[in-house]
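I have a structure I would like to understand better, so I am pasting it below and will then ask my questions one at a time.
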Amino acid sequence: MDYGRVLEQIHATVLPTLGQGKVADYIPELANVSPTHFGMAIATLDGQVHTIGDARMGFSIQSISKLFALVMALKVEGDDLWKRVGREPSGTPFNSLVQLEHEAGKPRNPFINAGALVVTDILCTRFAVPENALSDFLEKLSGTPAIHYNHRVERSERRHSDRNSAMAHFMKSFGNLRNPVDQVLDAYCRHCAIEMNCVQLAKAVSFLANHGRIPGSDEEVLDVSRSKRLSALMLTCGTYDAAGDFAFRVGLPAKSGVGGGIVALIPGECGICVWSPPLAESGNSFSGSLALELLTTLTGRSIF
Amino acid sequence: MDYGRVLEQIHATVLPTLGQGKVADYIPELANVSPTHFGMAIATLDGQVHTIGDARMGFSIQSISKLFALVMALKVEGDDLWKRVGREPSGTPFNSLVQLEHEAGKPRNPFINAGALVVTDILCTRFAVPENALSDFLEKLSGTPAIHYNHRVERSERRHSDRNSAMAHFMKSFGNLRNPVDQVLDAYCRHCAIEMNCVQLAKAVSFLANHGRIPGSDEEVLDVSRSKRLSALMLTCGTYDAAGDFAFRVGLPAKSGVGGGIVALIPGECGICVWSPPLAESGNSFSGSLALELLTTLTGRSIF
Amino acid sequence: MDYGRVLEQIHATVLPTLGQGKVADYIPELANVSPTHFGMAIATLDGQVHTIGDARMGFSIQSISKLFALVMALKVEGDDLWKRVGREPSGTPFNSLVQLEHEAGKPRNPFINAGALVVTDILCTRFAVPENALSDFLEKLSGTPAIHYNHRVERSERRHSDRNSAMAHFMKSFGNLRNPVDQVLDAYCRHCAIEMNCVQLAKAVSFLANHGRIPGSDEEVLDVSRSKRLSALMLTCGTYDAAGDFAFRVGLPAKSGVGGGIVALIPGECGICVWSPPLAESGNSFSGSLALELLTTLTGRSIF
Amino acid sequence: MDYGRVLEQIHATVLPTLGQGKVADYIPELANVSPTHFGMAIATLDGQVHTIGDARMGFSIQSISKLFALVMALKVEGDDLWKRVGREPSGTPFNSLVQLEHEAGKPRNPFINAGALVVTDILCTRFAVPENALSDFLEKLSGTPAIHYNHRVERSERRHSDRNSAMAHFMKSFGNLRNPVDQVLDAYCRHCAIEMNCVQLAKAVSFLANHGRIPGSDEEVLDVSRSKRLSALMLTCGTYDAAGDFAFRVGLPAKSGVGGGIVALIPGECGICVWSPPLAESGNSFSGSLALELLTTLTGRSIF
C-alpha cells in the first residue's frame, strides 16, 4: 500500500472542508487554536512513518489520553478493573450523570469522562505521580524523548472542571472512587493537557495494531487477547455518542479527543493519527473523521 | 483452517455448559424447546459447510430476522432509511420506550424492536406480502427451497405483542410509521416466527463475509461499502444491550435472537451460525456466545 | 361575599388578556373554537349561581372528565383503585411514557392520561356502557337533564389517539389493563368529548366543596374523608405538570382540560368553573388560570 | 378545640407504632438517637402551647431548615429567587441529579437538596455568616434565646456530603451557583445540623398560620400573599417524593426532615411540630406522619 500517495489524496479532498465544525471553546487555550490546521500520520508495523500537513505540530491530546491511561490501568489492575467500569456504549453524552445515577455509580465504559475518572483513580492508587507515569509510558510507546503536559491548559481545565467534579463526587458517594476527588481531578486534567503530535500518537497506538507488542522492540504491552479486546472497545465506545456511526462510516478502532485529534489503527498494518481542530456536533474532529473515512474507502482497508 | 476440528473442540468445551441460562418463555412455543440443544455451522466462501450437533434442526430465528429485513429494506429504500432509524447503540433494553420519547420517535438502530418495526413498515409499503418476500429472499441467500414461518409461534407472538404495539403506536404518534399498526405488527411477528437451521443461516449470512455478494453465484446483494457498513452495525448494535461486551469478548459482527440463535461472520472467510436455546441475562444465547468466543480464541480469527 | 361583583372585576381584568395562549389544535374540532370566549360560574353551597360572560355556552370538557370518572371509579372500586394508580405528581408531561417504564406500568396519578386510562378500564369492567354511566352521573351532579358527548370530537380524538394507544398497550404489557385496548380507548375518548358549560360544571364539582354531599339533595357521593382527599389530589396533581405553580398562585383544588375549562372549589363555600380556550404552555387555560388567581386575591379566599 | 386532649388521644394511638420505620443512619450522630422518642407540640395563634411526650427534647432539624432558609432568602431576594429554583414537585428522589441534567441545572423546587443549595448560595451572598443569620432568625420566630447547630453532626454531614457536592458542582457548571462550592456546603451542613425541639419549631412555623405575621408581636415576616404561597409550596413539595400522598392523607402544609421532625400548620389556627426518629421509606417520620393524619381526622381540621 502506497500510504504516502493515499495521504496526498486524502489531503486534497479534505482541504476544502477545513474550518467546518467548531473548535472546542470551553477553555480559552483550546479555543485559540487555528481551525485550519490539518495533519495526519501513519506508522506501519515495519517502522515506516508517512505524514502529511501539520503532522509534527503538537496539540492537546485531551480524551486520547483516556486510551493510554486505560492501558496502564489494565497492566497494573488487570481484569479487576472491569468490576468498576463497564464495557458498553453509553447511549448518552460523554459527560452525562443520568446513566451514573441509574447504574449506581458504575460508568458505562472507560472512554466517557466518568469511566476515565475511575481509571485515573486506579492510577492515583498505583503511581506516586500518575501524570509522570503516563508521560513516561507515552515516551516509550512513541519512541520520543520528552512528552509533557501544558501547564496553562491544565490549569484552565482544572478551573472549568465543575461537571467532572460533580461526576467524581457522585461516584465517590457510591463508593467507586478511592482517592480524594481533588487528587483524581488534578491527575485527570494533567492527562488531558498532554501535548503530542500526529507522528508520536500514530507510533504510540501502533502496538495495538501489532497484537499488543511495540513494533521494533517487540516488547509486550498487552497480551494478544487484551490487545484485541481493547481495539473492540475503541470501536464500540471510542468516539463519544457517535461510535455506531463512526464504525459504520470508518470501520476502524479509534479514540478521539476534543483537541481535534483521533488515533486509529488497522490491525496487522499500522497505527494512525489525524488532527484537525474543529469538531462535528458529536465531539469528533469534523475533517479528521472524513480523512479516516477516506482512508478506508481509498485503501479498501477496514476491519469488516 | 480445519474448521471441522475446531467445531469438535468447541462442542467438547460447551457441552458441560448446556442448559445454563434461561430459555425465553414469554410465549409458550419458545418455552417448550429443550434447553440442551446445541448446533453450529460454518459456511466458508469456497462453498464448504462444517457442522456439529443439531446444526440441521430448525428453530425460531426471532430477531435474526431483523438483519435480513434490514438488508431488504436497504435494497429498496437506500440510505433514505437512515432518516427514520439511527445507527447508534441504544444504551437501554431492546424494548425500551424511554429513548423513543427522548428522541422524538426515531429508534436508535434497526436491531432494537422499535427500529425493526420501522424497517418492517418500509417493507409493508414496498411489498404486497412482506413475509413472503422475506422468505423468498432467505431461500435465495441460503440456497434452500422452502423457508416458512411457524403459524403457532406467529399467533402466539401476536397475542403477546402489547409492548411492540405500544412502540408502534408511539412512533406513529411521531409520524414515523406509515402503515396501519396492525398490518406492521402482523408482518413483524411473521418475520420473527420464521424457522431455519444453523446451516441455512450460516449460508444466508455469508454474503456479508463476501463483501456483499452471494458466494457461488456471485450475485450482488449489497455493494462493498454497504456490506461492510452493515457488518459494523452488527458489531456495535447486533447483540442487544451487550454489544460492547460481545465485541470485547468475541470480536465478530453478529446478530442474535431470543430463540437462542446467533449469526456471525469472519470477513473474507465464512458465515457462522450457532444455536443453543437458553439465554444469558443479556438476551443472547449463553452457550452460543461462549462457542463464538471459543471460535475466535481457537482460530486466532477476529476482526481486530 | 358578593361573588357577582367579584366576577365583574375578574372579567374586566382578564378581558385584555383574552386570546393570549394557544387553542389546542391536535384535533380540528378543538382548533375551530374562537379564542376570545370567556365564561365563569360560581355555584355556592346554598344554591346560588353567579355567572359572567359565556358561562352557559357548552365546550368540550376534555380532561375535566378525569375528575368525575375517578369519583365514579372510587365509588365502585374503593381504595383498591390505589393499587393500580399512584397519588403523586408526575414531574413529567401528562402523556409521558418514561415514568410508566420506570415504575412498571403503574401511572403516577389518575389525572395524567395513563392514570385516566386505568380508571376508564375499571369503569369498562363495572359498567355496560361507561360513557352513558358517566353522563348520567354528571346529570345528577349538575342537576341538568341532558349531557352528551360530541360525536365528531370523539371520532376525531379516536383517530388521533396513537399516543394514548401506546400508553394503553404499554400498561397492558405490564398487566395493568384488563379490558381490550380498543374498548378502553373508545370509552376514554367519549368521556373527553362530553360537552358541558360553566354553570353545569360549577354545580357538578360543588359536592367536593360540601364534604362529599350534593348541595340541596344532601345525597352523599363520597364520604367526608374521601372528598377531602380527592381535593388534595386535585391540588397536587390536577393541573398537569404545573400543579405546584398553580397551587402557589391560586391555592385552590382544581382540574383543568385542554378545551380551556378549569373546575375548582373553595371548601365549605362553592364550586367554580372558568372557561377560556387558549392554553398556556402548561396546558392550562391562560386566562382561566389568571381568573382563578384573581378570585383568590380579590376574595382573600384560598385554602391556605 | 381542646388540643391538649387531642394530643393525648394521638399519643395513645401512636404509642404501639413507635419504633416502626428506620432511623436515618447515613451519619452516626443521627443513627444513635433512640427510635422510641415521640414528641408533639401545637402553638395556637393566641399564644397557647400544648405538648405531649418529648416535646421539649432537642433534635436535629435537618431538612426542616430548608423551610426557614427559604423564608430568609425570599425576604432578601424576593421573587427573583424563582428564576433560579422552580416550584414543581420533582417526581424523583430528593437527591436525584437526573432532573438537574434534564432541566439545565435549575432545581425543581427549594425543598429538594439541589434547590436548598441554591437557596443557601443566595444566603451566602447576602449574609456574612449565613448559619448565624439563620439561628438568629429562628430565635426570633420561636421566641427562644439560644439556638445552635451541633458541631459533631455538622462535621459528620460534611464528611458524607459527596452527593451534595456532586449536585453543587453540577449546578455550578450550569452557572446556577455563585459562591465557592465548599462555602455553600459548609453553610448548608450547618443549617441541617441546627437543633431545636417541638415547642420551638411549632412556634417558629406559626407565623405561616398567621398569614405571615409572628403571633404576639404581629411583626410581618412575609406578606399575606407570600405566606399563603409558601404554604402551598409546602403542601405540594414539603415531604419529599411523597408529597401527593401526604397531602392526600394529612391535608396540611408541612415540611419534614430526616431527623424525624415534621412541622405543619393549620391556617388561621396554629403551628405544629411532631418528632419521632424512625422514617418511612419516603423519608418522612413514620409515626410523625401518622400523628398528623390522626390530628386532621380527630379535629376535622384540614385545609380541604
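So that you can tell them apart, the chains are marked A, B, C and D in the order they are listed, and the count of residues begins at 1 in each.
Definition applied: a contact is a pair of C-beta atoms (placed from the backbone, for glycine too) under 8 Å apart; a residue touches a chain by one contact, two chains touch by 3 or more.
If you're wondering where the values come from, they're calculated on a predicted model, not measured in any experiment.
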Applying the touch definition from the top, give me the chains sitting in contact with each of subunit A and subunit D. none
Give, as an integer number of Å, the spacing between the C-alpha centres of subunit B and subunit A. 32
Could you grab the centroid distance between subunit B and subunit C? Build each centroid from C-alpha atoms only and quote it in angstrom. 48
Cα centroid separation, subunit B vs subunit D, in Å, comes to 56
Could you please write down every pair of chains that are in touch? A-B, A-D, B-C, C-D
Quick one: in the complex, what on subunit B touches subunit C? 96-98, 100-102, 162-163, 165-170, 172-173, 181
Footprint of subunit D on subunit C - complex, ascending: 86-92, 99, 108-109, 224-225, 227-229, 231-233, 235-237, 241-245, 247-249, 251, 253, 267, 297, 300, 302-304
